[in-house]
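Consider the two complexes below, in which chain A is the common component and chain B and chain C are the respective partners.
This part shows the complex of A and B:
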């Protein structure tokens, strides 16, 4: 396992097509230097099964970007995602993996920070938490 | 190898009589499912084309058919082994809840995981590191979180159990890192997954140095009693269901219980009843509570009907119909409370009643036996 100092977390970001991230890209998967972005048509696709699977496969951190409540393009997709994120966080806590490895951003529009700032902060947080115990290098 | 499965389960003895299909609760709703046809098809062409048959995943492994089969064919073992081969050939059933439980089990099985699963142990519950008894809680903390919207008070089963054990002078040991017993992976054909969970538990149980392990989950009990010894030999531990423990205590000790004025009925879980033969003990536990009026359902004991889904696989509209009919049967006894002794029965029957089309007149409260017995002892 990696030493904490040179630990480069594997981060997966799920983002809804409508929330303003990678909108002009056709690629469903985009590689950024610090994370991999997976685009969904709507965060309604997010389920605790999908999120836990990502951790099972070794992700150190997962972020979900979605539209603010009440502004879902399909009416209720993000409502479902918010619920599933909370549920997954509680499952991660039970598993002793720390729910903070999962972050959800559902008022991304309203924040000044922009994507880079949020991701830098999250990468830092995950570094402090250390590698996912299931990570195979 | 299919031919080995046929030999091992004596499937070649099949008389094509159809008794299994006639009694099968799945066939009653899903006419395309027939255990007879599956057996015959496999025996007639053991080249493996049954493996892709999705109906292989409809069986509830409820054991009903097996008790009727005149040729003594081990149909549930047949299902289990065929599913293993099917999985290896890339065929799977429909996993419910997006297969979240499989991820949970795979994570739990990892030896580097340090679970944080004991938040339910409140200060009034006495547990001890030096005890002859261990209480194996299993998946309850996870079910409690995952099914929180059912309001089924799942974790109360664990809390009530510790309370009951405390009442009888037992301060059980509980494990911080135990994981799922592996039952569902075993029965959906993932033998490697099962073994990785079981190995972790076996090590913990051996290190725990206890004489008795109490469970509140019949599936766990079946797995510990019958399946672990097949892979790991005798662990030198006696595995008991909580109702076995209580029924023994109430016959040897005089205890004072608070009366509960309720009409209740009881669902025999498949694993507890047909697999383990524990029919009497739960009824003794219910009968010991003063004020309770016990009503038996028409189909009870050996004839009891499964709660409709097993192993979080193929939960479909037929499962719902089965659950609705079973709940109707429970209600028609005049009971106001349906007791069960398996957390999954509790989850399935609570879930069925969340359906918007669920008929109001059939609504019945469902609870685990331990929580009711604990109430009679004075409650949590």
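This part shows the complex of A and C:
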């Protein structure tokens, strides 16, 4: 348990450029205190291959932020993303890595909860799950 | 029409920063570098750190040196400074004392508390074995550990450093300096095993069994050559210079004899003579067969040796060892004269018949040359070895003929300089990295840069001569009692004054102001190595200073630069980032015509086109594509690719996120 207490999960978030989580227009990566944000043009770019690759590279948790259904800048990108996230979650379960390591937030702006609240909860979840078993130390 | 659409599209495109993908990145130091940088085998940014010394930013100056040379304190003392021989200041008066300046910043850090290096995160599971802890081995270890490999150095002697400790006496290179600089490297996580002779304590083949993926052999040249004169093997009292120096450095401080003859004209001969002097020898004679002008040793060292009382006999060659009762009593020598230049460009010595004479001595120390000791190589490895017992390697990759084995330093060149060994270490580390990650070892490596004609003219006329600051030295009377360092360090004022002698030649003055200043990251001082293979050659654009830098006063020189640049057609342009619009395209070889992308795209940008043989290939209309990349994610065969948002790029972003995270946690601890 000692190791668990100072375990700082590495969390990577993907977000689309239009939903407004990232403020800086220039940097493709933004650093938040608890996670790193990689910006894509649209969450439609996210495939299960990409999500699983992120876990393979050693991320402890992955969050996908996307626009609510029907509000996608490109009209249809998030539909694909929702499908891919669900697929990856079941694949993670199948691999024995627990699908809870992947979280998708597609109605983030319709909820009252702020970004910090969601991330606090997610970090707590990942901490309970422990480090990514695939990470090379 | 399409052009109009394209403009509209571009306006909608977001502005992101793609430093590794934009072809309009300018690496300043790669183009038209200064003479000193080209002259340095390791490519140290001399002008940059000299400039930072002027600005009194000493810690940054040291950082610049350490990027290419992990042993600044050592090089600042014993480097043969090829940079100074190319310095343009020599056309005005004397070259800038670059070597002493490097030493000053290295010592400045020591005085002001060294920054302890933190262990580097191990990101790769492969391990590399390095045989020998000399400058080549240390540099290679330093580079590889920073790339995330596990590195182990095997050193045969009880003390690390190779020729640095075994061959260079402490009055030229204090042991603490070597120790601090080696510690800075081992602190990064390099495992250093001393007293471990590969071939005896551990076999070379065992290394591969022990899961090392590559081996770098930097064994140096520690075996003295035989004189090949009558009587050499018969009497006691002949001691090779390298053996003698190694014996003294490992703690044996006994006097070799009352009178000593040293044969040879290189640095090791001078070192041996000055060491013998400090051990109490009364009469020391250096015998050299050519004249003073041809001596390969550094002239400052020869002068100091003479001042300390070493006798030099030029144009004298050893003829025969004289002995009595099994011990050396002297040597018969023969006078020489100089003839025509030989293949090395030096004039060939020719013996003068009948000029034999005798020098009396109790000990003879030959310091003619050394060769690598390759007896550790097992027979089943058939390495290609030259007739001088050195490894034959590829001149660019430093790979031996056996895959996975690399060699560098004196083991390849025969006895050479520290800075050459450091350069070899860098090249070998790059090759080992590529070898382990299964990349082409040679791709994209430029042959060594040559000093070319600059686009601008360096005006030397009118430059006032400023006297070169002499290096302070320990007074003679304090020297001979022990092994205290003879050359002393510049004071801060002297260093800044000396650095100001630099003419700042070359078009880029390497002030390093542009890098943090350029918000769009169009300017990089160094092109990151890992992108070398993915990209074609960087366009030959040259950043220039708006006015001749020499016409600017000092502080202006470092501020008012790089505001405009001129391309090859000499057209003035503003620096701007123009990216191609982010659109998707189809790799026709991979597309199997399933039509998933057609179904998913709501802009009707994708169409299936018949190929003629009954199959279909999808095509993306670049004017209609908005670049959302959804079809890319949905494509089952991976045939669709997006400009800029390639899979490799996103993977690199993920990699950088994961590694940055680690570093931040460390600093918190």
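Some points to look at:
Throughout what follows, the second predicted complex is superposed on the first by the 131 of 137 C-alpha atoms of A that agree within 3 Å, B and C clash if a C-alpha of one lies under 4 Å from a C-alpha of the other, contacts with A are read in each partner's own complex, and residues count from 1 in each chain.
FYI, a residue touches a chain if its C-beta (ideal position, glycine included) is under 8 Å from a C-beta of that chain, and two chains touch if they have at least 3 such contacts.
None of the values given here were measured: they were computed from a predicted structure.
In the superposition on chain A, no contact is made by A:67 with either chain B or chain C. Once chain A of one complex is fitted onto chain A of the other, the partner contacts of A:133 are limited to chain B, with no touch recorded for chain C.
Looking at the shared chain after the overlay, A:76 reaches chain C, while chain B stays out of its contact range. In the superposition on chain A, A:59 contacts chain C only, with no contact to chain B.
Of the two partners chain B and chain C, more chain A residues are in touch with C. By the touch criterion defined above, A:94 lies against chain B but remains apart from chain C after alignment on the C-alpha atoms of chain A. In the superposed model, A:47 makes contact with both chain B and chain C. Common to the chain B and chain C contact sets on chain A are residues 47, 50, 53. Within the complex, the chain C residues that touch chain A are 14-18, 122-123, 125, 519-520, 582, 600, 602-603, 626-630, 632-634, 642, 645, 647, 650-651, 653-658, 660-662, 665. Note for the complex: chain A touches chain C at residues 8, 10, 12, 17, 25-29, 31, 36, 38-42, 44-47, 50, 53-54, 57-59, 73-77, 80-81, 84, 136-137.
Residues 47-50, 52-53, 55-56, 87, 90-91, 93-97, 133-134 of chain A are the ones touching chain B in the complex. On the chain B side of its complex with chain A, the touching residues are 97-100, 103-104, 106-108, 110, 112-117, 141-142, 145-146.
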